[in-house]
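Shared chain: subunit A. Partners: subunit B in the first complex, subunit C in the second.
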Partner chain A sequence: MAKYGMVFDLDKCIGCHACVMACRAEWELPADKSRCWVKPIGPENTPYGLASTFYIGLCNQCEEPSCVKECPTTATYKADNGAVLVNKELCIGCGNCIIACPYGARYINEIDKKVDKCTFCEGRIQRGEQPACVKTCPTNARIFGDLENKNSAVYKKVYEEGAVPIATARVNLHPNVFYLGKERDIHLIADSYAPAKNDVSISNQLWRIFSPLVVGGASASIIAAFIAFANQIRKGEQTEEDE
Partner chain B sequence: MGRKIARRDFLKYSSLLAATPFLDIATLRTFKKGPPDRVGTESVDTVTSVCEMCFWRCLIVGKVKNGRLVKLEGNPKSPSNGEKLCARGNAGIQLLYDPDRLKYPLKRIGKRGEGKWARISWEEAINTIAENMKRVKEKYGIQSLALFPHNASARYIMKFYEAIGSESITEPSIYQCRGNRDIGYKLTFGTPPGSPERIDLANTKLMLFHGTHLGENVHLSQCMEWIRGLGNGAKSIVVDPRFSTAASKADIWLGIRPGTDTALILAWINYLITNNLYDRDFVSRYCTGFEKLKEAVKHATLKWAERITDITAEKIKKAADLMAKHMPQVAVHPGRHSTWYGVGDTQRHRAMAILTAILGAYGKKGTLFLETQLPIQLGQSPCTLETEDEKKGELLREKWPYNLPGTPPSDLIEATISGKPYPIKAWTLWGQNLLETTPNPKRTIEAIQQLDFLLVVDVIPTPAALYADIILPEQTYLERYDVAFTYTNTLTPYISVRQPIVKPLYESKDPYWITKNIVEKMGYKECFPYNDIKENIEESLAPFGLSIEKINATGGVVTFPGEPYADSSNPLKFDTPSGKVELYSESMKEKGLDPVPRFELPEQAPKGFIRLVYGRSPLHTMSRTQNNAWLHNNAPENELWMNDKLARQIGVKNGEYLELENQDGVRSNKSIKVKVTPGIRPDCVFTQALYGSPVKMLSKAYNSGVADNPLFTKIIKDPLVGTVGMRVNFVRFIKNGKVLDMPEMISLPSQLKSAYAERREING
Partner chain C sequence: MRPELLIDQYPLTEDEKNELKSKKIKKYKFSIIWAHWLNAFAWLVLTVTGVAIINNDKYNLVPLGFTQWMSSLFSSREYLLKFHVWLGIFWILDLSLYVIFGAKRYSPDIKSVFTIDTDDRAWLVSFTRKVMGLNYTFPPQGFLNAGQKLVAMAVFTMTPVIMITGLIMAFQLLPPFFIRASILIHLLAVGAVACALPIHIFMGGCKAHEHESLKSMITGYMSEYFAYKHNYKFWRDVKKAALANKRENP
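Presenting the complex of A and B:
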C-alpha cells in the first residue's frame, strides 16, 4: 500500500488559485469553500532578504492527526494510504476536529452539515488520476505521489531535495505535505502560519456531542449521535486503525 | 514573418488526421468517469471548446452531467495549455450560472443611467434597433454609427460596420492595451510581437520582464513557459516599481522610478554598444541605422540613467552584463498593456525592440520567435455590400502619425460630444465595457447622453448597459458557436473551434443570429448568407479540408508543424520600409518624430499627491469576472500597496482603510484597504484594477472594492498613436474625513525637475 504525500514547490507557484477553483468544481463544494487554499504573504523583509510568496496548503494528512483523536464518533480516521478521511455517515458535524486541526484544513459544509476536508481526491487517485488541484496547476507547483516509493517525485523532493513540513518543535503532527523553496519564502510561511496547538476542552466536547439533541431535535441526528457516542465508548482509544 | 507551409505538406498532414479519430475518442473516454462520491451516478459527457474567461483562448474540455456543466478542464491535446487551466478558466461555470446574467432583451423605460427596464420580445428589440440605426444613418451618414467591439463574438457586427464603410470603430482592448507596443515593434521589426507574444520563455537563458507583471496577469501558457524556463535554469531580470510576483522569482529586481523606463533601456543600449557587447553579426546582417543609433544614445551613460531611474549604475551594469553573457538567448518580453504615461509609450516599446535587435534576440530559440503562416487564412463570412458612395471627408484617426485599426476611443468620445468633425449619434457596445476600459468615465457618460441611440449586447449588465436604450442578452462562450480560431503565435500552430458545451439558458442568442437579424431588418440581405453560425464556421473551415466534426474527432484541435526559428529555408524578413530592422527610422524622421527613442519625463505628482499605478489580480480579468461568485469569494476587494516608510511617516497602519482623492478632486467610491509593505517604492501606490462596479444588478461586484478608472481623469495622449496614458493620475489619502499630509519621499534630481518645469511651462 502506498503512503501518499504532496510537495509544494514554492518557486513554481504564481498564486493563481486554479487549485482552489478546481477543487471547488470537482467536489461541488459551496461557492465560498474549498479544501485547499492560497494565501499571499509579503512582500516582507526576512533575514534572507525581501520576500513574497504564497502559502498554499491543504490537509497535511498528518501521521499523528489531532483531528482523529478528537472525533467523538470515529467518523474521522486515517486510511491505509495515508490520507485522513471522514466517514460522512458517522459524522455529526460537531466541529471538534475543526478546533483540533492547527492548520485550519477543515470546515462544515453547509450543504450536508458535515465536516469536509481534502481527501487527496479519494476516487480519482484510486483510478490512477492525479488529484484535481494537481492536474490543473498550470506550473506544476504541486507534486503528488507515494512517499514510500524511492522512484517517486515526492520521495526525491522530500528525502533528497529537502522539502520540509510546516511544523514546530511544540506542534509536530508529522505532516505528509512538504514545502520546497527559497529559504526566505519558507521563512515567511513558517513565520506567518506556524501551527498552534488548540485543545478541545472536555465541556466543549460534551456540549458539541449533545448539542444535536438539545438544539436540532431531528430524529436522525439523535440516533446518529447516540450510536456514535456508544461506539466511541465501546471502541475506546483504538479508533484510529479501524475502517 | 516565417515561411508558409507548403500546401502539399498540409494535405499530407490532414489525411493523417483523418486516420486517427479512434485513438482520440478512446482518450476522451477517460474524462467520462466522475468521482465516486458525487451525487448520483450518471455518466458525464465531455465537449471540447475554447475558453473566454480572458483573451488568451486556452483550449478546454467541459464535463456535463444531466445537461448541467459540472467541470471545466484544460484540453490535454492543446499544444499551449494542455490539461491546465487558471482560476478563471476553472470558474467559467459560475459565469454560465450567474443569477445576475442578462436573460431577455430589455428596453429602457427610465432615464439613461437610472436602470429601469422592461422585458421585450426579440422581435420588438430587433425592429427597434434596425429602425434607429437606419434613421441615424440616413440623417447623419455612415460615420455617425459607432461600434465598440470586444471579443470574438463581436466579429460579425464588425464585419458589417466595415462593409458599410464606418470608420467609427474602436477596440479599447487594443487602443488602451497593447496598441502602442504593437506600433513600436512594427516600426522596428516590421511586425508586432503577437498575442500571445511570441516569446520563447521556456527555452531561453535569460528573461527580461520590463512592463509586464506576468504571474499577476495569468496569461496561462506564457506563465507555464516562464516557470518551465526558470526550472530549466534560466535567469530573470524584472523592472518594476513594485516587488511583483515575477520580481519575487527574479535574479535581479530593478525597482525603477515610475516613468523612467526609456532612460534605462537607452542606457543599456549605449552600454552594450560602447563596450562591444552587442550581436555584431545580427546587427550587420539584418539592421540598418546602427551608427546613427550609436550617436543618438551616447548621452545615455550609466550615471545619467542612475540619476533618472533611481537604480544604481552598478545594478544597471550588472543587468546589462547578464544580457551580454547570454546573448542571443535573451527573451526580452515585449510587454503588453502599454498605455502608461501617454508621452513616450510607443517610443518606450520601440526602445525595447531596439534592445532586442542589438542582442540578436530575434528569430532564434529562446528569443522573440517567428509567426508561422498557415497555408490559407480561415474564410470569413464575405459580407460584401454595395456601400453608399459617401464622401468620408476628414477622418478622426487621420490626425495621428500611426494608426491601429479603427479610431482611438477617446477621440470618438470627444467627437460624440462636440459633433465634430462629424456627428456620431448611435453607439453599439458589443461585449465592450467602455465605462471601465477607457479613462474618465464621466466624460464617456456625457457623450452617451448626446446619443440618439445606444445598443448594448453583453452577457452581464456592464455599467454602460445602464445607459442603453436596448440591451440584448448574448450567449456565454459555453453556450455558443463562435468562430474557428487559428493560433499562429505559438511554437506549434493549431486550429480550434468554440462550440456549445451546454444548451443556451434563458432567451440568450448567438452573435451571428443577432447580427444577421439586425442587419437584414436594416435592409442588407446579402451580408450574412448562411442560415446559422455553425454553417458559417463550416464554410470558414472548408478551405482547410476541415470541419467541426473533424476537429472534434481529433480531440478538439488540429495542429500544424511550426516554423518559429529562422534558418536557411526560413530566412528572416522584415516588413519595414528598408526591409531591415530599423534601429534608426528614416520614416519616423520624415514625419518629424524622433527616429531613435528619446527619454521624456512624464507627468509628475503635484505637491501633496502620489502616483497611482495599477495591475491585475490573478483571479480576475479586469472588470468582467468581478461578479463571478467563485472568483469574487477569493478576491472580493482590492488593496492599496503602500511603502512601509511612507506609511510610518503618515501614520497609516497595515489593514487600515483610506479614501482616495485624485488631483481633480474625484473621490473613490469607498475606502480601500491598505497593505503596508517594503515591496513598493515610496513614490507610488499600487492597486488591482477595475474593482468596485457601479452596477447594482451585479450582486457580487457592486461596490466591492475601489474602482480605479473613475480616478483617471487626466487625459494625456501618445503623440504617435492617440492612446491615453493611465498612470498619470495622482491621489492623496483621506482618513476619517481628514486629508493626510503627503511627504515627498524621493525627490527628482534637480536637472530633471527644471527640465520638467520648463516643459510644463511650454505646454501649459
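Presenting the complex of A and C:
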C-alpha cells in the first residue's frame, strides 16, 4: 500500500488559485470554502533576508493526527494510504476535530453540516489519477505521490532535495505535506503560520472528567443491585408477612 | 371492612388479609403499561447502542472490544449509528403522542410525581435505615412510593433533555459549539437516569416481596392486600371513590 504525500514547490507557485478553484469544482464545495488555500504573505524581514511568498496549504495528513484522537465517533480516521479521511455517515458535525487541527485544515461544510477536509482527492487517487489541485496547477508547484516509492517525484523532493514539513518542536504531528523553496520563504511560512497548539475542546475536557463519574455511578448502582439480589437469595425469599 | 381502614393504615386481621388478597385493584392503564415498557426497551437498547457509538480510546465509556462487537453485530458502525438515531426518533414520536393526547389526563399524575410530602420524606429515611440494617417503619405511600417518585422524576426531567440533545446531534440542528455541548449534556442526562435504573429494576422486578409490583406493570392489576401494604393512600382513595360512587348510584 502506497503512503501518499504532497510537496509544494514555493518557487513555482504564482498564486493563481487554480488549485483552489479545481478543489471547489471537484468536490462541489460552497463558494466560500475550499479544502486547500493559497495565501500571499510578506514581504517581511526574516533572518535569511526579505521574503515574500504564498502559503499553500491543505490537510497535512499527519502521521499522528490530533483530529483522529478527538473524534468521538471515529468518523475521522487514518486510512492505510496515509490520508486522513472523514466518514460522513459517522460525522455528527461536533467540530472537535476542527479545534484539534493545528493547521486549520478543517471546516464545517454548510451544505451537509458535516466536517470537510482534503482527502488527497480520494476517489481520483483510487482511479490512479492525480488530485484535482495537482492536475490543475499550471506551474507544477504541487507534487503528489508515494512517499515510500524511491522512484516517485515526491520521494525525491522530500528525501533528496530537502523539502520540509511545517512543524515545530512543540507541535509536530509528523505531517505528510512538505515545502520546498528558499529558506527565507519557508521560514516566513513557518513563522507566520506555525501550527497552533492542537487543542482539546472544553466539552471533550469536561467529558473526560464526567464520564468516569457517570460510568462509576451506573456501575456502583448495578453492583449494589446485584449485592442486594445475592443477599436476598442467600437469606431465602421473604414473604409479605416476614417483612 | 373496618371503616377505620379508610382513615389510617392499621394492622390487618387474618380475615381482612385474606379478603384483600383475594381482590384485585386496577393500578395501571394499558397506555401507562405500554409507555413504561416501550420506555424500558428504548432505554436499554438506546443505552447499549449509544455507549457503543463512542469508539475512541480517549473517550470510550465501555471497553473498545464491546464497541467493536456491537459494530459487527449491526454489520457496520454506520448502521449502528443509524439504528440508534432511528430508534431514538421512534421513541420520541411514541412519547410525543402521550404529551399531545394525554397531557391533560396525566398532568395530575405528573404533578404528584414531583410532590414529595412528609410521608415520602419519612419513607426515604426508613428506606435508608433499612439498607443500613437499622429499625424502620414505612409510612403510608400513594400511587407511587418515594423511591419510584425519584426514578420517575429523573426520567421525566432527563427524557426531554436526552431527546433534544439527541436530535441536535443526529441532524446537526445547531452550530458545532452546541453539538459539542449536546454530547456532554446527553451523557450527563443519560448518566443521571442510568445511576437510578439498576436499583429501580431490582426493587421493582427482583425484590422478593415486590413481585406484585412487577405483575401490576404487566397486567395492570395488583392484589388489594399489596396495594394496602405498599400504596395505602392510593388504595384508600380508590376505596373512598368507590364508596362515594356507590352512595351516588346505589
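As a working rule, the second predicted complex is superposed on the first by the 200 of 243 C-alpha atoms of A that agree within 3 Å, B and C clash if a C-alpha of one lies under 4 Å from a C-alpha of the other, contacts with A are read in each partner's own complex, and residues count from 1 in each chain.
Please note the rule applied: contacts are C-beta pairs under 8 Å (C-beta built on N, C-alpha and C of every residue); 3 or more make two chains touch, one makes a residue touch a chain.
Remember, it's a predicted structure, so these values are computed and weren't measured experimentally.
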**Message:** With both complexes overlaid on chain A, does A:22 touch subunit B (first), subunit C (second), both or neither?
**Reply:** first
**Request:** Figure out whether A:122 sits in contact with subunit B (first) or subunit C (second), or with both, or with neither.
**Result:** first
**Asked** So, A:52: does it touch subunit B (first), subunit C (second), both, or neither?
**Response** first
**Prompt:** Touch check for A:108: first (subunit B), second (subunit C), both, or neither?
**Reply:** second
**Prompt:** With the two structures laid over each other on chain A, which partner does A:42 touch: subunit B (first), subunit C (second), both, or neither?
**Reply:** first
**Request:** Quick one: classify A:196 as touching subunit B (first), subunit C (second), both or neither.
**Result:** neither
**Prompt:** So, A:72: does it touch subunit B (first), subunit C (second), both, or neither?
**Reply:** second
**Request:** Could you tell me if A:31 is touching subunit B, subunit C, both of them or neither one (first, second, both, neither)?
**Result:** first
**Asked** Which positions of subunit A sit in both the subunit B and the subunit C interface?
**Response** none
**Request:** Sort out for me which residues of subunit C touch subunit A in the complex.
**Result:** 53-56, 58-59, 61-62, 77-78, 81-82, 169-170, 172, 176-177, 179-181, 183-184, 187-188, 190-191, 194-199, 201-202, 206-209, 225-226, 229
**Fill in**
Seen from subunit A, its contact residues with subunit C in the complex are 69-74, 87, 89-90, 92-96, 98, 108, 113-114, 201-204, 206-208, 210-211, 213-215, 217-218, 220-222, 224-225, 228-229, 232, 237-240, 242-243
**Message:** With touch defined as at the start, can you tell me which subunit A residues reach subunit B in the complex?
**Reply:** 11-12, 14-18, 20-22, 24-28, 31-32, 38, 42-45, 50-53, 121-124, 126-127, 135-141, 185
**Message:** Quick check on the complex: what are the subunit B residues that touch subunit A?
**Reply:** 33, 35-39, 70-74, 81, 83-87, 89-91, 93-94, 215, 218, 220, 223-224, 227-228, 230-231, 243, 245, 247-249, 618-619, 629-631, 633-635, 677-680
